[in-house]
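So the structure is just underneath, and the comments pick up after that.
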Amino acid sequence: MALKEIQSTCAYCGAGCQILFRVDEAANKIVEAVPANGRTNAGTLCLKGHYGWDYLNDPQILTKRLRKPMIRKGGKKSPLVEVSWEEAIQYVADRLNEIKAKYGPDAIMGTGSARGPGNEANYLMQKFMRACIGTNNVDHCARI
Amino acid sequence: MNYFVKGNPDLCIGCRTCMIGCVVAHEGKHIFEVDPDSYTFNPRLHMVKTAKISVPVQCKHCENPACMAACPAGAIQMKDHAVIIDTSKCMGCKSCMDACPFGAIDMVTEAGKFQADGKERVVANKCDLCSGIPGGPACVRVCPTAALTLVKEDELADAMEKKRMEAARNLFRDNQE
Amino acid sequence: MGIPEIEDAGCLLCFGYNGADSHPIVARRIVRGKQKGMKIICVDPRVTETARISDMHLQLKGGSNLALVNAMANVIWNEGLADIKFIEEHTNGFDEFLKVIEKYTPEYAETISHVPAEEIRKAARLYATTKPAMILYGMGVCQFTQAVDVVKGLANLALMTGNFGGPSMGIGPVRGQNNVQGACDMGALPNCYPGYQSVTDPEIRAKFEKAWGVPLSDKVGCAITHVPHRVLEEKDETKRIHAYYIFGEDPAQSDPDLAEIRETLDKCDFVVMQDIYMNKTGLHADVILPSTAWGEHDGVYTCADRGFQRIRKVIEPDPGLKTDWQIIQEISTAMGYPMHYENTEEIWNEMIDLCPSFKGATYEKMEKYGSVQWPCRDKSMEDKGTPYLHKGGKFATKDNRGVFYATDWHPPMELENDEYPMSLSTVREVGHYSVRTMTGNCRTLRNLEDEPGWVQMNTQDCERMGLVKGELVKILSKRGYCITRCLPTDRVKPGATYMTYQWWIGACNELTNAKLDPISNTPEYKYCACRVEKIKDQEWAENHVKELYDEIRTQMGITAGKGDH
Amino acid sequence: MIVAIDQNLCTGCRECAEVCPAYAIVGEQGKPQTIDTSRCVMCGQCVQKCKSYVSILTHGKDAYEKVKKERNIPDCVQEPLFAAHAVCNIDKVNAALADPEKLTMVQCAPAVRVAIAEEFGADLGTLAPGKLAAALRKIGFDRVYDTNFPADVTIMEEGTELIKRVTQGGVLPMFTSCCPAWVKFMENTYPEIKDHLSSCKSPQQMGGAIFKTYGAELEGTDGSKVFSVSVMPCTCKEFECERPEMKDSGYRDVDVVMTTRDLAWLIKSKNIDWDALAEEEFDQPLGLYTGAGTIFGVTGGVMEAAIRTGYELITGQPIPDVEVTAVRGTEGFRVSHLKVGDLTLKVGVVTGLKNVVPVIEAMKAGQLDLHFIEVMTCPEGCVSGGGQPKLLMDTDRAEAYAARRKATFDHDKELPYRKSHENPAIKKIYDEFLKEPNGPIAHHLLHTKYCIK
Amino acid sequence: MKKNLGSFVVGDSTKCTGCKACEVACFAVHSRQNNPVGKTVGTVTVPVTPKLYLTRFEQGCMPIQCKHCEDAPCLNVCTKGAISRIDNQVIVDPEKCIGCKDCMQACPFGAIALLPYAKDGKLAAQAMGETKVFASKCDLCAGVEGGPACVRVCPHQALRLVDPEAEAEEKKIKAAEALLMTKNWR
């Protein structure tokens, strides 16, 4: 079984360690993570770097991996109902437009994410808040 | 001589990567794919933290092992420069645990193996120097601060020889003065 | 300065930063530095791994940071250890600064910090006389209401000793989350566009309006920690927050005073959560949008020392998922502001062209060099970025001079009292990340530490209360309570307790105070008053914890019975 | 031999040697031990200590019955038997009880009533004089008398002797002589101090002498018909009664001694249901006793009883507090100075025989300034005697002794008379028979000499 | 921490004199559980049946008793289900024991003996009037106040109650401290 090697940056702290993943492409699974010779980590990893990737295999330990958009159709406290992407996107867009129309753009708050999504998604989020919604109400959990 | 893995408290940062490394090495990589409850998490070394120290403690692979002497089942043997427990022979009597002066043996459940009353088997667990695992002791390999060293005969002998020479030189200097 | 430079410092002042638990691979540099002969001064109320190997450990009382920092400055000045040439050539505001620190004699600071005056003197001398000297600080500085003041105080120390502008010197914040630096870089801040460009600067705003093709608000936005107030207490309907789009965060677990957060989410008209796992916030969200996870998408992270590094798709995501940027793009388009990016590099290229400091950090360079530390202003392959800032004593101010700021110390907002006689500080669990939706779903990390976590307490306190290791205890503040296990340790001082914040049952943020630093808006996670209670019926408590765990996991969509604890 | 170690059972642990005050147990560690009879004082502490029981596993299924037979223990007994043991004289008692010619008179030492109920499952230190009297009567003794009565006589005699020695310049300090193991030890080890001992016989022997004289008179018979039995907490009392000089009544003063444990066996062998026994009184007049006689069972008790009477004999005034707590306690050697009129009476109390050695040595060196010293061999006096119920676990020992002590003092408190000289039966016997303390009759019957070879 | 392992008592032959106080105490506290036995010898009406056994060997003597094995061979071998683990301790139910002796053979320590079973102050009888016997072994004084009686009564502290987890924890700290002293071994 030929394993594909892909290098990435660890998602678990600001040290920015480089990890080399060995991937079984056919099974679409990570086989192991080994330290790569990154600028900051110089061929070492901590426990999260070594072993913090198997959540991708969805082991059903703590929480369910989200796979379908969901809406509380009956309002607050009602159960979440799985919907199509089209419906979810349209629903969010409509509700946000409605609130923006009613209370103004500053009635909407958005967050960036200091975690997994990455810089591009953060850039787009703040652009969305600023350009599409029209507010500077965007922040993230930098302080935790 | 038996080999042993030695922790250096000056280098250890207490992160316990070694403990997981140990389990992964012994259980095999398949643990990342199986049901999370179908394997047991039994590190063979344990982090000790006090105000003065952080360092993992594990079997020293004594030359005259007290655990081996205490075992009534003949489950502990010396093999490949290590003191190794054959868990299939172990009945969990804790004699070895009581005998070990380092607290290096603990008793752990064996996933999927049961006793007559339906409870999971509990057997002695300790460092085996990753006997049979390619690459040698996993704890040494994964430690991010290189706080663990596998000590072999040559290294120990060299270190002792170096110290003897140093002592001799010092005495020689004293004698000359 | 960069992370690799740490080990070459002559002296490290490690202030409220516990690298071993928060960034083991940064801690590795500290350990290596020690082996190379680096002097370490550790300022921390706990015996951390750094404290353990340090040359001097100032085990200060929690909440006294600024008094100690000011006292160190006081000693450096009064003992003639300041770099007067550097101060004169490269800084402003020194005389005003001296007036403030005058009263912070080591003896005065001793009364506040409980660190002996002589120790403070020795530490100040060691820091001021060993070159190069570096300062690292962490959440032990930032998560106090006086956070920014202390950061400035630490900068003062570096300024007055000329420890800026070269390798292995300066001051370095070591951030908590992996991509805090990136989120800030990208302008996920209420006052800045990407690249730290102020939203109130008309010139800059004009640049972005032009690039994005719409007029932009000139008003600084709402800070995340103000959201509860703006939802619950804002009387003016037009100023109230009515919609909350939460992306890759779990405020219902990570924020202080969780009861208040839950109320906020329930009272807010429309809450959207975009995440990879069901979490506490999801229980209150109106819409949940599933996205790809780290390992399933491409992009760039910025590490703590300003290094842009690529993240890559390692495995193919579930075909039903979209990347975060795709989701945002589609909502934006649906709302009438179309976005049409094909990949992250397109987004990245738009971004760097708007940010002078990032302009040269192309994907190509990241591929080639692995890591590019901003500022990187030129796209030519020769500009490899900037390992350390303020080269030659040049600061990012109008006149290129560093500025001294000094503030007086004030005590934490909530102090110990008769009802809540102990203090609580939140800390990190090395094997878990953030609210642990990722690491908690990693088999071996979960095996190492699981619910309900631990409260670290001094052994004497434990003996007095008859508590033994592993015993379940109830811990309360005036805002709430939780159940956790007792961990007696001689690493913490009597009267102080420490908990990690990722647990559901041992959820210390049920207890923490939501008071904020007035500048950074950071909550005072590191200090509130609490009380520890013994639970007589341990069997009940064990079952209770198990039931709670099963219950929450059921809420999170996991069938009960999995994952023993 | 009164106290012996079974060679087949002894494991050689030498725990008994630890408690033997006379260093009489000899042998190699791990090998069966023997008792050096020339040193042994027969206190029975080794019997109390020994845990080397007849075991089914070690000695076989039949060993138990064999050992029981060897020791003359009643068949019904099923309790564990140990290597160190004392002689059992139940057969002799049974023979006398069966003899129609014999008038059996029994006396019980003070410490028996606070311990015997333990053998029937009662709490440690349960006070049971009423059941004790009832049980003895049920066994068939013709007269159920009490050693507490001769204890009161002892106080009259010994108190008078002390006053004489103090006021007329006799040998001082004077030692008590009621503990036979102490007397034996003195004779073995320190014969040179024999004149320091009170010439009084022990209460048991005074009782025996009185039963066969005055007691016989009261019955209109003579001493030859009387069979005198005593029940003692002590293994050495058998030795004392067998001393050849103890026959001043013209007969052997006491014919046979049973220990508390022997009596429990006897009661069981007669199928007497202890729990069902109704309380009864001791017979009059030789069973009427005071609190003073009762507290002979605990260390310091003889001293306290003597002071209660001596104070009043010397001063003619009632003693201010009948409870002389200054002499109470459980320490091995305790000294008190007491104001008795113009006299400061200096007294000492020794408990645990090993503790007497430094006292004697100090006295011989002229460093001891005392008038009167009580000596008891057993750890806390007769309540802890070698013939008392044996504890299964030594960890209960402190509790047992404390409970028995407390019961003794409680009994003292509840009795109508608490001073020996106020006992009406004492007044009566001196009026009718003994005439005066230390007088010629008393001297003949109730006093003795030591170191007679 | 919740205990996961069974505790046990071990003897120390360097201290033991062989006095059997442990055996008698063991019998005393256990016989009280279903026999009317008091604190004195005279209250006993049944044979002494201890659950630990003073053993002489070439170099001395010491009591031998059950280690409460975690994968207990005696428990595993018992076909009648008379041996079970209760609160981490391996315990024989004499009512269920039929005296098959399998457990005795399985135990590598000789910690089990076949002894008469007494109840209500009498030896329990079975068919044909034979005395019922059972596999007698240490139960760590389950239900006895104050913990193992043998440990309490030993006059020379030659018996030690081992909490293996707590002791291992202490020993680990000592071992770690030793590493601090040998860190510059090179």
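Going by the order they are written in, the chains are A, B, C, D and E; count residues from 1 in each one.
Quick note on the criterion: a residue touches a chain if its C-beta (ideal position, glycine included) is under 8 Å from a C-beta of that chain, and two chains touch if they have at least 3 such contacts.
This structure is a prediction, so every number in the text was calculated from the model and none was measured.
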Most distant chain from chain D by Cα centroid: A
Pair with more cross-chain C-beta pairs in contact, given B-C and D-E: D-E
Rounded Å distance, chain B centre to chain D centre (Cα mean): 66
Centre-of-Cα separation between chain B and chain A, whole angstrom: 39
Computed distance of Cα centres, chain E from chain C, in Å: 55
Chain D: positions in contact with at least two other chains: none
Chain A, residues touching no fewer than two other chains: 29-30, 44-47, 51, 54, 59-61
Residues of chain B that touch chain A when the two form their complex: 15-17, 20-21, 24, 29, 32-33, 35-36, 142, 144-145
In the complex, chain D residues that touch chain E: 11-15, 18, 29-30, 51-53, 55-57, 64, 78-80, 118-122, 124, 261, 264-265, 389-396, 400
Residue ranges of chain B touching chain C (in the complex, touch as defined): 10-17, 19-20, 23-24, 31-32, 35-37, 41, 49-54, 144-145, 147
Sites on chain E touched by chain D in the complex: 17-21, 23-25, 27-29, 36-49, 53-54, 56, 60-61, 113, 115-116, 149, 152-153, 155
In the complex, chain A residues that touch chain C: 6-18, 21, 23, 28-30, 38-42, 44-49, 51-56, 58-72, 75-76, 80, 85, 88-93, 95-97, 99, 102-144
